[in-house]
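Every chain is named by a letter (A, B, C and D) in the order it is written, and numbering of its residues begins at 1.
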Amino acid sequence: MSLGKAGSEAAIGFLVIGAGRMGKLHARHLAGAVDGARLVRVVDADGAAAARAAYGGAESGTDLAAALADPVVQAVVIASPTTLHAEHLMAAARAGKAIFCEKPVAQDLASTAEALAVVADAGVPFQIGFNRRYDPGFAEVARAVHAGELGRVEMFRSQSSDPTPPPEGYVATSGGIYVDSVIHDIDMARFVAGEVTRVTALGRVLVAPYLEKHGDVDTSILTLEFASGAIGVLQNTRRTAYGYDLRVEVHCERGKVVSEAERATNVWRYGEGGIRGDYVYYFLERFRDAYLVEVQAFVSALLAGERPTPGPEDAIESLRVAVAARASLGRGEPVHVAENRE
Amino acid sequence: MSLGKAGSEAAIGFLVIGAGRMGKLHARHLAGAVDGARLVRVVDADGAAAARAAYGGAESGTDLAAALADPVVQAVVIASPTTLHAEHLMAAARAGKAIFCEKPVAQDLASTAEALAVVADAGVPFQIGFNRRYDPGFAEVARAVHAGELGRVEMFRSQSSDPTPPPEGYVATSGGIYVDSVIHDIDMARFVAGEVTRVTALGRVLVAPYLEKHGDVDTSILTLEFASGAIGVLQNTRRTAYGYDLRVEVHCERGKVVSEAERATNVWRYGEGGIRGDYVYYFLERFRDAYLVEVQAFVSALLAGERPTPGPEDAIESLRVAVAARASLGRGEPVHVAENRE
Amino acid sequence: MSLGKAGSEAAIGFLVIGAGRMGKLHARHLAGAVDGARLVRVVDADGAAAARAAYGGAESGTDLAAALADPVVQAVVIASPTTLHAEHLMAAARAGKAIFCEKPVAQDLASTAEALAVVADAGVPFQIGFNRRYDPGFAEVARAVHAGELGRVEMFRSQSSDPTPPPEGYVATSGGIYVDSVIHDIDMARFVAGEVTRVTALGRVLVAPYLEKHGDVDTSILTLEFASGAIGVLQNTRRTAYGYDLRVEVHCERGKVVSEAERATNVWRYGEGGIRGDYVYYFLERFRDAYLVEVQAFVSALLAGERPTPGPEDAIESLRVAVAARASLGRGEPVHVAENRE
Amino acid sequence: MSLGKAGSEAAIGFLVIGAGRMGKLHARHLAGAVDGARLVRVVDADGAAAARAAYGGAESGTDLAAALADPVVQAVVIASPTTLHAEHLMAAARAGKAIFCEKPVAQDLASTAEALAVVADAGVPFQIGFNRRYDPGFAEVARAVHAGELGRVEMFRSQSSDPTPPPEGYVATSGGIYVDSVIHDIDMARFVAGEVTRVTALGRVLVAPYLEKHGDVDTSILTLEFASGAIGVLQNTRRTAYGYDLRVEVHCERGKVVSEAERATNVWRYGEGGIRGDYVYYFLERFRDAYLVEVQAFVSALLAGERPTPGPEDAIESLRVAVAARASLGRGEPVHVAENRE
């Protein structure tokens, strides 16, 4: 009765490394939702977790080297703990696999550059998980700007408000708000308006006092100067009472284009006290589409023989701006991004 | 290396009947996105189409009887052409499978009742694909009303505007706008506000002149009287210049709850001429979530040993109201729904 | 030092009849906000009330005949109690004054026709206070439709929800919801989509039980058939928990144009439970602009020697549709508007 | 027949100085729309302009000294050219009149302080025309924050985008964007979040090249540090393709409150290309309500024997922050506001 498998001839075989929340989500997408891909293996130090993520009949296990040796595996998704990204990335590159890596490659510029040099040597395709570039709203903003529909960019604005601050244990090794979180806003700024030349950070600890001892802040305004002459501002906070609040707004010569904050549903309640609407809680809900679309874009690029994007240069340049922002916060003055470029 | 398959022990084996647009979508969801389910077979008269829908390693073929005889198949999704629904439904029921059936079971009350009698005799779980009940916005409206948060329902309103009228070939066998399309609004009205006792249809052919010869209309206002004492109105048109436009609005004692129309993205463009936003094109985009959630609900009900919903009584009662609406249009006067109840 | 008064040479002298809430508002506008007009007299049975409304140095008093005899008075605004409208209107017409009359002229067709015949005989300009035609949003909807920007009208919808039902004392002499309140929606329907030929009313008493004994309802759906072939629906309720809720929506060949409900301010509060916004309370706030703009339009028409609008034909035709709606409610079937036309 | 004038016994007699666009608007409001006030005189160097603004029978003329000598004049509105504000203000103060003065008193701190010292010596009530404090939306934001409904302010944001840059002739004497325009945003920031201690300006000439030679910019991001520990950002541009775009957004401990940008009407057009809405053009439309409400507040304060607000301290402190912003732009580094405080 069998006439064949759905699209299997051309489908790229995927290994997912790491079966936590994001790894499991990627595995599920690769098993049933991404055209041109199929999930063949899932690896995690916790074998039971790997098994739970092995959707659609994929193999699962704990041995990464064995999995990378499997010729059916043509591409990997790296969703392991952040501190292992660089190691897993270099192993996958050396095994000749195409790589989709959750951000960041590493928290410092040196380790990031080292790992990406291995990727470059191996000549394998590489995409970094700056998921916002594939959010339908953010992507449409970028598309309209890149197409020149509104003329030159004059002012960029991005806002990201998290519902809760990270726990202290996380903060200690996170690299601070700029490298850990604002980097997403920085990458969108670069994507939309081009390279950033100078940054000035203004930050405060208003929410989570334990941030003080790590030199970190929870409330930040970061101003950007772009090579193009445009200016920009990123507003970030680590606590809202209502959920996750993101917005990108690009003021151009002939108009402005905005990706509005998102609500959980399109429902409005009218009653005593006026109108009420709900709100999206956090990133898993907010970027549900983007997490699928970015991997689809990776697969489509591989199938088309094109470079996936955002690529290694984005992984490193967005980090470079974040590192400059952290330096500006510390020094209390503007910092040139080129300081960190040799 | 293999430690097992993702959730496969408990997963319900599914056969998808029909590999057209909707069948393929259901197959994909069952392969990778529905918890507790796995896709095991896809059947279609066109074997190549079936193969293209056989995601995640499912079997595919053209022989329905053989597929229904497979003991691994515990449940079916019927997504074959509408005129085959009743036949496939009876075959699946007789084979003892749990059934998820795209709407309608049939276009007339007699055939629908006959097919559902077979389901009842077989004692198999049955869910009809009134997908709007599982749209997150519409579902929240219903939840708030059912929970009594706003008090008694006083007035119900639903609007559905399609982007384009159906082609004449489709119209000839569609049963007319009430049975084919307004039935979705009717089902939501029943779901939210309870049984309908009398309807009055007001319809016009303003868009597609070929509807005249089939006694059909493209522009309709249908008023409803509910057993509860509430009243309602359904507005339907078969052409918009901008896309698919749906809204449900329930006016209650202590407020109103509304599910707004949906846009394709959250982007707004500001420029000459003011503000502009895009719009969702049609049902596949609009109900992308609902098509997944309804099948998840079916599977969850099966796993929990509960009756899935909407069930056979919804399939037949919503059709009964639609048939009364068609009669009201013909006669130019109010029609009691009970006329069609023996 | 005086060089003259602001625009006084050309300004039309106004008498306001009735110094209640609406009369006082008109008086204030005429004293300082309407170009080409000046307030010269205010008359009310309650002389103190008249004095309180005599803004900007106008005369005030209780003697209507004396006021109408004043040659400085060129135009009147009739804002007396509804039951006195026809009498005051005929007196003003016989005195040769241009007339702006709050709606309705009278609650029955015969009295309305009689009073308007006096206006016709006198040949004086006449405008009826269907204020919604001058609401900026509603007016823009009408303008766009009249300009043909969206093609032919196919479906009209209007919704008006009052915050509270009228007290029983008011109901007894109000003529019922159609003549008292829905007439505003009817007039907008006629304004936007042309004459109405047949109506079908569906009404319920769900809010204010004392309406039963007056044959009135508080919850109504009225369907309209237009001479053009278009259809329409008016939804009216007499209680909301949140304020005054009006909307007009016109579905046309090439798009739809909507005047949304209004909020009191543009403020949104984000906090626990999501987003919250306030709501406009009732008609004085909602139509603050319209009450000024309609009188400005009246004055501008007088100065330009044009017929003001809406005119006598609108006063009587909108009432005729409302009377037909009341008849339809009573009979439980569609009623031809021409029934009430001899 | 006359029983008296509307509220004239208690009404405060007003002189309007300057009969340009704003003076005429104030005159009209005082003649017919402000409770407790009456317009008695209008003075302008152009006597015909003064006459055109003398609504409701007010006297008009060109002799300011004579007008200030009139004992019927109890209060003045100063709406003369900016360069005359200080002179007129001192004259009015010395004449013992209550003063409402359009912003700014003067463009430099010394002249402002000198003029306000005369006001202080005279002991007359003084209000500065920072109209945004009386915009219904902005006022509600401030009220909610001051009432503590959302807890402590953490981040303030204001955006003001003008439709067109000022002409070069205006720029030369305007004092630059911070003193001329951003001062409104600064005043709202101070009103909502308290005193500002340090500012950092980032500005560009992207729209109007002639600004370069005046040391001015058209595109600015100004970051603020508040005495409270909060931080803020003001975004200003001098050109949009669509109209006037203002927004205030206050992120607090327990939520955020936003006053959204305003549209000209509540109308949405649905058609090819999606949804379209119009936009408010500029400040006269945008602040139509505020221009009336601020003068009403002034009059109400006078009648109640209370200090009007914003007062002299706001006139000078908001200017002090604007001057610091201009200095920061010039120096390219953060500037302490206290630098300009002796």
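In this section, a contact is a pair of C-beta atoms (placed from the backbone, for glycine too) under 8 Å apart; a residue touches a chain by one contact, two chains touch by 3 or more.
Since the structure is predicted, the reported quantities are computational estimates derived from the model, not experimental observations.
Novice: Going by the touch criterion stated earlier, list every chain that contacts chain A and also contacts chain B.
Specialist: C, D
Novice: If every chain is reduced to the average of its C-alpha atoms, which one ends up farthest from chain B?
Specialist: Farthest by centroid: D.
Novice: Tell me which has more C-beta contacts between its two chains, B-C or C-D.
Specialist: If we tally the contacting C-beta pairs, C-D comes out ahead.
Novice: Give, as an integer number of Å, the spacing between the C-alpha centres of chain C and chain A.
Specialist: 57
Novice: Could you state the distance in Å from the CA-based centre of chain B to that of chain C?
Specialist: Between these chains, centre-to-centre, one finds 44 Å.
Novice: Where the CA atoms of chain C average out and where those of chain D average out, how many Å apart are those spots?
Specialist: Taking the average C-alpha coordinate of chain C and of chain D, the gap between them is 36 Å.
Novice: Of all residues in chain C, which are in touch with two or more distinct other chains?
Specialist: 240-242, 245, 254-256, 270-272, 278
Novice: Give every residue of chain C touching chain A within the complex, in rising order.
Specialist: 240-243, 245, 263, 270-279
Novice: If you look only at chain B, which of its residues touch chain A in the complex?
Specialist: 1-8, 27-33, 38, 47-48, 50-63, 66-67, 136-137, 140-141, 144, 150, 254-262, 264-272, 278
Novice: Looking at the complex, which residues from chain C come into contact with chain B?
Specialist: Per the touch definition, chain C meets chain B at residues 152, 154-155, 157, 161, 200, 202-204, 206-207, 219, 221, 223, 225, 229-233, 235, 237, 240-242, 245, 251, 253-256, 332-334.
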